[in-house]
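I am attaching a structure below and will ask some questions about it afterwards.
Labels A, B, C and D are assigned to the chains in the order they are written; within every chain, residues are numbered from 1.
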Amino acid sequence: MPDAQLTYAGAANAALDRALTERPETLLYGEDVAVPGGVFGVTKGLLKRHGDRVFDTPISEAAILGSAVGASMFGRRPIVEIMWADFALVAFDQIVNQAANVRYISRGRLSAPLTIRTQQGNAPGACAQHSQSLEALFAHVPGLTVAMPATHQDAHDLLLAAIWHDDPTVVIENRTLYHGEKRAVRLGGPVPGIGGAAVRRPGTDVTVVTWGAIQHAVLDAAQRAAAEGIDAEVIDLRWIRPIDLPTVLGSVRRTGRLLVVHEAHTVGGVGGEVVAAVAESGIRLAAPPVRLGAPPARIPAAPHLAAAVLPGAADVLGALRALAGDGVHGAVA
Amino acid sequence: MKSTTELADHLRVMHRIRFTEEAITALRAAGDVVGSVHLCNGQEAVYAGAVAALDLSVDAVFPTYRGHGWALACGVAPRAVLAELLGRAGGISGGRGGSAYFTAPDHGMFGENSIVGAGAPIACGAALAAAYDGSGRVALAAFGEGAMNQGAVHEALNLAAARSLPVLFLVENNGYSELTPTDTMVRNDQLFRRAAGYGMPGARVDGNDPVAVADAVGRAAERARAGRGPVLLEAMTQRIVGHYIGDAQQYRPAGELDAALAAEPIRRAEEALRAGGVAEAELDALRAAVRAEIDTAVAEALAEPLADPTTVLEHLYA
Amino acid sequence: MPDAQLTYAGAANAALDRALTERPETLLYGEDVAVPGGVFGVTKGLLKRHGDRVFDTPISEAAILGSAVGASMFGRRPIVEIMWADFALVAFDQIVNQAANVRYISRGRLSAPLTIRTQQGNAPGACAQHSQSLEALFAHVPGLTVAMPATHQDAHDLLLAAIWHDDPTVVIENRTLYHGEKRAVRLGGPVPGIGGAAVRRPGTDVTVVTWGAIQHAVLDAAQRAAAEGIDAEVIDLRWIRPIDLPTVLGSVRRTGRLLVVHEAHTVGGVGGEVVAAVAESGIRLAAPPVRLGAPPARIPAAPHLAAAVLPGAADVLGALRALAGDGVHGAVA
Amino acid sequence: MKSTTELADHLRVMHRIRFTEEAITALRAAGDVVGSVHLCNGQEAVYAGAVAALDLSVDAVFPTYRGHGWALACGVAPRAVLAELLGRAGGISGGRGGSAYFTAPDHGMFGENSIVGAGAPIACGAALAAAYDGSGRVALAAFGEGAMNQGAVHEALNLAAARSLPVLFLVENNGYSELTPTDTMVRNDQLFRRAAGYGMPGARVDGNDPVAVADAVGRAAERARAGRGPVLLEAMTQRIVGHYIGDAQQYRPAGELDAALAAEPIRRAEEALRAGGVAEAELDALRAAVRAEIDTAVAEALAEPLADPTTVLEHLYA
């Protein structure tokens, strides 16, 4: 399969291009996605190449999402963009009360194979209404599937999997990743199915479960921890619903230690789900599990203030030291 | 003559709706049906007329929780509606939807919706699909006049207008938002006038006259099918029952209900047919025939087994 | 302080009446709350007694919630009703992106002392759009405070505490409790502050943390378990944000066993937060913690189908047996 | 004569906004200000005119993320706006709000809003409070023309009309929703015409003429204060910059920007004053004075300490 040198945004664009090419029933629409090619340029060129299946919409999230639900019930496969995950909250009903119910209530006579592309998280200077990490809100809803790609390859693969998936799927990207350096991205391979975590760094001393852009800070910290003799295994959950528990449990069984890191607020975040699932599994840990997320605060706009709220590599390193820095490693017999 | 047979056909549908809901009322009183049930008694002409003007082999209807009448007008068997409310295996949604959220896609009825206004953008999606599948589909979004104040309806009206989508927005104006007179919740209660702001035609229609409704919906559907965009129709009607079964309706001014009963569509249709020379015996026969049909449907629905509870985790995902 | 014999709905009504009487800055509005007195009759008589501070609104949740945010910034203390928690999702932005930010962004120069009264959960025959238990969606949001009263006294006390609270507070009632039997309710006492769990049944063998209407099924099960020699301590969390962790941890430290029961879906539910917090505390448990909630499904309308999805007393009893039925009790040394 | 001094006063405010945003643009280019910044260059007449017609001792303004101009017109010190964007301790919101979400309640400016349309219902609440506090407050909700398609704005328009709330809905029609021409997103681009559907007056006003804006807002405010309800004003203007700093504006047709520059309010105001007999020297002096004021403000803002990061967990709850 061909390799291409692409940015994360380019990888997502390639996935959209392939979907529009191979699946004539796909539609791509949202605010500024067609003529402008997206406020982040992710959908550039797609209108030109695919014509009237790509179009711009009014600033009407309920109409965007609701029409996607309706179109998907009639054989279309809409890929709609909600520019920021924060904005999904003006029309959350269409996702939770509408899209998620279509297949179940009709007992499979109808389905809603739609993909909601959005992006979230803090970026320098972003205000509190443009900085939230809201995956926990989507992940609690039966009927939805939720992906959070954080690598170039996943920006392509997870989006493709979501579009091919026959139920409503939310793909949460991260704008701080869009225009970084280019990387080799495998294109044209078989379309992957949904689900499945990825071990980004194998390790023996502590399992770090993370997802989204923050994992790059986690990998930095893991590397620095390695220099201190702490060998962390870093798992990128990638799919927030369903969660790949076997991979998580298998790792924790080996390391006996668990750290969960996400950019979202700790309280009520998906980290709680991961820690709870591990606790329920009965795996005996050598140390209490630890969640590292944002403390109770809104996200301030000034970068140095946001940095004081959001977890960073230094916090992760500190947590790794506290959790696994005692030299005693491995699970309790 | 045509108008007589047309009206008689509408009357048959209206009887079917009325008798089915009378049966539901009895089943609810007996405790066989539980939970809140929204009847459409008094509004039957809207459904009979609108559906008669559509081509359900392609068109799609998106009603609300007050959807029994829509389903029956669309041709869903009374037994299947009753079985749904009774949680029977043969219910149109296998007991998943209940009174307020069942769906009958095989009959062009693409789901009640229990979130006020939420069906309007979904209907836009059905119309949007038509632009690509060449079906010539027209989507009809039905909702109450109170739903006109819901944000999702506004966004749907604008999207449909902006993209000239083949959507008919049909307001069932029965005067009330649950227990509140809707004219106290707007400054301009001629809701159809909002259409102009979106650049689409809007009109009021006598919602107690199935022929008038069929005529207006038919012309709007033709226009939409021709690619000329959406229309907002405001059908003036009334409930002759409560918002839900058990609603004591203390909020209705004295005399209002009597006036509504005098104007209700079944009575009006029968009077018109009498005036048109139809014999009382014929009207009695029609009534009796439909009543018998519904009695049978009730018996059949009650005889069905309950939906199998071991299947409740199915169909969440493909 | 006077005792009154009231239903749960009557207790809430009494709290609203007191608030409207003692706090002239309160407003009470929402769909059908004034002239009709509420679709559940909870606000009956309040328009008559308090006049134009009580009024009905259009079916416009964004306008109801947004105007409450605005009015609360200008010295009013709005108490607004969202008839079903499910409906909050059509205007979730006003709660999460607006109300929750007012104090923080203005650094306290503005505040949003508003109370959102709603109710949730399944009731016989209710459809999937009227049956959800959504507390996890509210509980994840810093800036919000969330209460779930399940007793007659709490229907009064927690609502009063919420109204007096100077920040946006969501009070989630349950319609299946509104019109049950009357009970003695203490009125007129000092207005309680927010927070604090309640031990509904003291016990030694296993800690059951629960909240909302389902706790009555939990108490039934606990009683039946007692007959089998399992002495369960039942804690009603009452406040979902903030969670009273000291009470939970103190109990678990004694019993060494934890069961969390809620009507909401298990995955991503608040039960995960409770289990995670206990795991993080380092308290050694005698058995893995257990969460009992709804499995992945939408909520079907037919009562017997809904019963097959939602946890009930029998499920709780089964969980208690599996967790503490081994005769060995108490925490691990 | 009056009109000359009035226009000169407006010009001073417009200069203050323009020079402040030119300074912001430079600070953004230098990297002192980060993140997306929405400038209002070209729309200054709306803010100068509207605020001049309000009584900020009681009235309340609710702008959008494009709010620098509103804040400055409301009397927020340029230093405090600049410091906010620079994350300084003296920023109007202590660096919490940044460019797109700061709030200046002490100046009648009750917060930018970065959720399109969300400020409209909040403004209704400020107006609702006025019905009880006897303040006579009028709330002004400002938003772009693209926001007219957002559900929350619709619900606010209807609520304000239904309850005759003293709200002015001021649409800043600059023709674009971010990078998309808004007239392609509606079928009727005369947005003020939507007002009639709600039963409120609606009108277009020349948004590049501060006197015309002040006049329209003043009359609407008087009407609202008298208890006669809300008004929808559509101020026709344009951006002479991108949607955000860095927007290359390839989406703008050739010539459009030149036309906009020819019509932009500061140039127009200066021409009008010249025509009115004001000497070039006076205009130069005014420009120079405001520029000096802003230069000082920039220096002061840059000299301030950063907001203290140890306080970021404060003020979440009382």
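The rule is short, and it goes like this: a residue touches a chain if its C-beta (ideal position, glycine included) is under 8 Å from a C-beta of that chain, and two chains touch if they have at least 3 such contacts.
In this text the structure is predicted, and so the values were computed from the model without any measurement.
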| item | value |
| --- | --- |
| Centroid-based (C-alpha) most distant chain relative to chain A | B |
| CA centroid of chain A to CA centroid of chain D, Å | 36 |
| Chain A and chain C, separation of their C-alpha mean positions in angstrom | 30 |
| Chain B-chain D separation of Cα centroids, rounded to whole Å | 46 |
| Sites on chain B at which at least two other chains make contact | 96-97, 101, 113, 115, 118, 149-152, 155, 158-159, 162, 184-186, 316 |
| Chain C residues counted as touching two or more neighbouring chains | 57-58, 60-63, 86-87, 90-91, 93, 97, 101, 104-105, 128-129, 142-143, 296-298 |
| Contact graph of the chains (line, ring, star, complete, other) | complete |
| Residues of chain D that touch chain A when the two form their complex | 33-37, 65, 87, 91, 95-101, 113-118, 146-147, 149-152, 177-180, 184-186, 251, 306-307, 309-310, 312-313, 316 |
| Complex interface listing, chain B residues touching chain A | 60, 62, 93-94, 96-97, 101-103, 105-106, 110-111, 113, 115, 118, 120-133, 137, 139, 151-152, 155-156, 158-159, 162-163, 314-318 |
| List of chain C residues in touch with chain D within their complex | 25, 27, 52-53, 55, 57-58, 60-63, 65-76, 78, 91, 93-94, 97-98, 101-111, 142-143, 145, 165-167 |
| Chain B - residues contacting chain D, complex | 149-152, 154-155, 158-159, 161-162, 164, 184-188, 191, 193-200, 229 |
| Touching residues (chain side chain C, partner chain B) in the complex | 31-32, 35-36, 39, 56-63, 86-87, 90-91, 123-130, 295-298, 300-305, 307-309 |
